[in-house]
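Input: one structure, supplied below.
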Amino acid sequence: MSPLFSDREITEQFSDTALFASFARFEQALIKGLAQAKMIGSADAAALIDQIAAFRPDHAAIAEATIRDGVPAPDYVRQLRAHVTGPGSDLVHHGATSQDLVDTATIEALGKTSVILAKRLDEVLARLANLVARDGTNRLQAITRMQPALAFEASDRLAAWQQPLEDLRGRMTKLREQTRILQFGGAVGDLQALGDNAAIIAETLARDLDLRWPGQSWHSARGPMIAHANFLSELTGALGKIGQDVALMALRGDDDIRLSGGGSSSAMPHKHNPVTAERLVTLARFNATLICGMHQAQIHEMERSGAAWMLEWMILPQMCQTAGASLTAASALVGSIHRIGASKGDER
Amino acid sequence: MSPLFSDREITEQFSDTALFASFARFEQALIKGLAQAKMIGSADAAALIDQIAAFRPDHAAIAEATIRDGVPAPDYVRQLRAHVTGPGSDLVHHGATSQDLVDTATIEALGKTSVILAKRLDEVLARLANLVARDGTNRLQAITRMQPALAFEASDRLAAWQQPLEDLRGRMTKLREQTRILQFGGAVGDLQALGDNAAIIAETLARDLDLRWPGQSWHSARGPMIAHANFLSELTGALGKIGQDVALMALRGDDDIRLSGGGSSSAMPHKHNPVTAERLVTLARFNATLICGMHQAQIHEMERSGAAWMLEWMILPQMCQTAGASLTAASALVGSIHRIGASKGDER
Amino acid sequence: MSPLFSDREITEQFSDTALFASFARFEQALIKGLAQAKMIGSADAAALIDQIAAFRPDHAAIAEATIRDGVPAPDYVRQLRAHVTGPGSDLVHHGATSQDLVDTATIEALGKTSVILAKRLDEVLARLANLVARDGTNRLQAITRMQPALAFEASDRLAAWQQPLEDLRGRMTKLREQTRILQFGGAVGDLQALGDNAAIIAETLARDLDLRWPGQSWHSARGPMIAHANFLSELTGALGKIGQDVALMALRGDDDIRLSGGGSSSAMPHKHNPVTAERLVTLARFNATLICGMHQAQIHEMERSGAAWMLEWMILPQMCQTAGASLTAASALVGSIHRIGASKGDER
Amino acid sequence: MSPLFSDREITEQFSDTALFASFARFEQALIKGLAQAKMIGSADAAALIDQIAAFRPDHAAIAEATIRDGVPAPDYVRQLRAHVTGPGSDLVHHGATSQDLVDTATIEALGKTSVILAKRLDEVLARLANLVARDGTNRLQAITRMQPALAFEASDRLAAWQQPLEDLRGRMTKLREQTRILQFGGAVGDLQALGDNAAIIAETLARDLDLRWPGQSWHSARGPMIAHANFLSELTGALGKIGQDVALMALRGDDDIRLSGGGSSSAMPHKHNPVTAERLVTLARFNATLICGMHQAQIHEMERSGAAWMLEWMILPQMCQTAGASLTAASALVGSIHRIGASKGDER
């Protein structure tokens, strides 16, 4: 059943390939930082950066080592160190730790995911705007607490769909500012191995990765990850509400909504089930379930908790994928609305 | 066991008394709005506002009716209408609906709760700052992934406690701006009963309640409630991390932390258990559990879902209370730290 | 809004009064066990048991001490020890620990709650059976995936409501057997303070409390608590499904269901909202949220985790109360069904 | 990071290949049932069964159709119907519905998963028994509420690990009996298309699939799925507790536990992190998060809810996989314990 819930474009942002590409960018940027701090000569740095660019990690070996190490970074770094030569090659990964690589890669993946989601959200909003333009003045029965209330216009219900999505779209800029930050703390978070050069290296590293250096590491302070998770679940929640409404309107019948397509049944050929609407509800409840795990994962032990950290790895990519699938489904669903509400000219 | 988890000051913000006081303020402000729109004369409005001020709802009758109505507002309004007399008295609650009263009251309760939490958070931060000043340069063993890593200073671990709390403190202003909004939509959310006067009435109502009028109702768009819930769980999560650390440090022993007080045991008189530290973990995991229900409650059916809405009523006050209890406990815990880390002058 | 969610009869099972009464029964039974093992003379034991019966703990002092100790038992035991005199009085609580008292009290409270729930569930099942007898052959439109499917009879939908409830009712006996067990392990769970007398004392203690001695303590193995939590959430889930169906039937209209009563609206006097049906959904989703915390609380550290244990205290009583409120609401809802389905004789 | 959380053997039970193989077995067994009821001649039935055996569904086409239909069964059945010829071929899938196929396939997958899990659990228990035999009398410091309590033996802590696992192992038989049931209800759950033949067909179908026919369909009564989910989370919870203990023991040091292997760090070569222990905690918290979604999914609308049903599809396979990964990790972890506790003969 994976086609119902998966999202190839977003899954790729969390693939091994994407992960190791992020690792490479980090290690290259770190070399630049070390050069900026005069710890490596600029020609040597350039040579190292080229070597890192040419490095092809052995994915299978890293997969195996990840079981042993509990994180893919150590074996990646081991392989990379074996790959590079020349002056400064002993400074590869210098001052950094596994979490710096992994968290920064996650921040990059979340950033790319956000760009994809924003584009899809714009598409959903455009389709909703089209619907308002076409059917907005149609009559519709407002429903409160599962009972017919008063009549209003289709645009009124559509506004209740648009408004939270527009609000979420507006918050994406703020979320981006808040969360596009470098993770960089070294072994225990205080960059002690870099001494007085820590700040200049961190600044250079961040700038090179188009991230912000927040002034300190945040190994055990998971605010940026939680912020994304909250946003993703609010997004699928707002789309799930649309799905719930469409399913209820489909149940009430043609005066409420007419959908093209619709799921066929193996037993009842006459049926056209609002399965995409149902799926939006499913995806919303799935993310609303996973959010609990992300909040549980705030409780890090001491300077780094593998237990809490790995829980994020299990959850965040799925929340992104669920949001991606939900936007695609919402776009299809809104596009399949043949008519919402009843035209005022219709005879009843 | 309620003393461990409850918080009288915050519970009061969600009491019947507080609820009906909010209802009264709303109905008074609505009269002002109707007067501003010339739907009631100003002298009549003043008389009505005085009558509302003098109104004492029958709590027991409302409690009984709430079972029947699924919300306390209808019987409150029925009683209030029976109480008021004179010109304009037929316009009490005019254009409003139960959800306008209840959501606005919740916004007011959350606002007052936030003020209490902010004050307590300041106290926790002040105590942490004192700790840094007193013990910051003490030696401490950094721990990553449940293994001793490198040595650093007590101020390093304390910074990891302070930073998310300072970040959360900083976000409270933004949260306040975002969420101090009026709920006002009338029966089906479009203020149709007020016609062209809707905007002026809404603006007046909001101003009088010291809230912002967001330009439309948000009956089924629960963003402000979710924003509070997210914040509350992030707050208890950050405090839970401190609790987890202190419990682990207490387990590791005197070189890590010396606590005064500590829980006694019924079987082992020699023990001094870090029970307040444990409690911070409990409270964090409780809010991290409840957050799931708040996200599930995003899926409103149509213009108003009693099922989703009531779920918020079960959860939000508890999340506030849990945050309150957590801050009080954190303050006590930090205050009970007799020494963190080992003084550099100590002989080992 | 507490009348919507609370349940006085069940709340009382988890009150301080009930808790301390359980503590007293435990301490009395322990004296009997010690007498059985010849560690106390039988006359002395009888005198001590009488003294325990007469003991009135100072609730306020225990409440205060609970904050310090993280559990109410130590101060209760301290007060009790100060209260008793005579030979053997130094053996009060001998060999036991706080967790033995608290867990056994919880088992007792869950047992009493189960009796209450069973009685209410029988009532719901009786009302459903009446409905089947009265309306079972009425025509009803089956709905799958939010679309009309085929016609069937009211008894078909009612069977889908009855079957999981009957299954749950049947499982209550098994649950009782599985979970009515004594907690008794002493300081670190191995009853080491009692030496060779441990088994005879444990057996006597269990028999006196009408519990089963499972052969070892289960301080960190929370199976019985989880079993109750799972059951409670499955019960509210099955009732929530009924609520969801009734709400949808009320939305579809009179051919599906006719309810007497129904919630009134502050803005639309014509409405009769299926608020009790909605409430069943709310209560189901609340327990389905809390279940997560109970499963998180399985992860005890070492021989006893205050953090995990206290999380149960926050959750289990609420899950019981929610189940109680749900059964009461379900009983009322089923009783308010004036007609389900359409009589076959009706003209359409 | 998928190697940390995935489990190939279990994932395969939920693959498309396994799903369609289950569908084929169901459709073959249904033909046998129809033959038993004399609705198809026995030679024709045999021919149809052979044709179904030879049927190779077009996976890609089904994947695409699943998006449209919200379930893979309709297109599978469409393709199968196009494939079969001869007398009785019009009766393929007769009386059944998509949910009958999908739920029965899930029951089969859960059954096969249980066999795998049981075998692995036996292995974990065997390794724990070996540990008891080898190190059981070693001295160990009991820890309660994060403080050293009394000394006891390694076998005491190990017993607290063994007991819940043995209990869970014992419950697997009961779980199997309770949940190995046929789903068979047809379009709206009442098998109306089969008339008086329904029972004999259902019995034959169940017997052929080595399942039990519970006497009615259970389209909206999700007890068997919830029972599995509860079990899976209790299993990972019990293993997570072991992980938590081992991580804490590793933190406390060599007197508590000596592990061979252990994760390496990219920044601190001296470290050997108990990453597998941490991972057990992660996997436990993940299933304890997902359990919430399974309980939410109890609330089916009417005779079949796509929204609730699909949520199970997202969650149950992951819970199985997580349990599988957790058992594998636990086996490795227990196997890597070089010594637990301190030998009594050791000099301190």
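By letter and in written order, the chains are A, B, C and D; residue numbering begins at 1 in each of them.
Rule of thumb we're sticking to: a contact is a pair of C-beta atoms (placed from the backbone, for glycine too) under 8 Å apart; a residue touches a chain by one contact, two chains touch by 3 or more.
Owing to the predicted nature of the structure, the values given are computational and were not obtained by experimental measurement.
When the C-beta pairs in contact are tallied for A-B and for B-D, the bigger tally goes to A-B. Seen from the Cα centre of chain C, the chain whose own Cα centre is farthest off is A.
Spacing of chain A relative to chain B, judged by their CA centroids, is 28 angstrom. Mean C-alpha positions place chain B and chain D at a centre distance of 40 Å.
Within chain C, residues 70, 143-146, 149-150, 187, 244, 247-248, 263, 265, 268, 273, 275, 278, 281, 285, 289, 292, 296, 305-306 each touch two or more of the remaining chains. Taken together, the chain D residues at the contact with chain C in this complex read 70, 142-146, 149-150, 152, 156-157, 159-160, 163-164, 167, 187-190, 192, 216, 218-221, 223, 226, 230, 233-234, 237-238, 240-241, 244-245, 248, 281, 284-285, 287-289, 291-292, 295-296, 298-306. Residue ranges of chain B in contact with chain D, taken from their complex: 143-147, 149-150, 247-248, 250-252, 263, 265, 268, 271-275, 277-278, 292, 296. Note for the complex: chain A touches chain D at residues 1, 3-5, 63-64, 66-74, 77-78, 93, 96-98, 101, 186-187, 193, 243-244, 247, 261, 263-268, 273, 275-276, 278-279, 281-282, 285-286, 289-290, 292-293, 296-297, 305-308, 310-311, 313-315.
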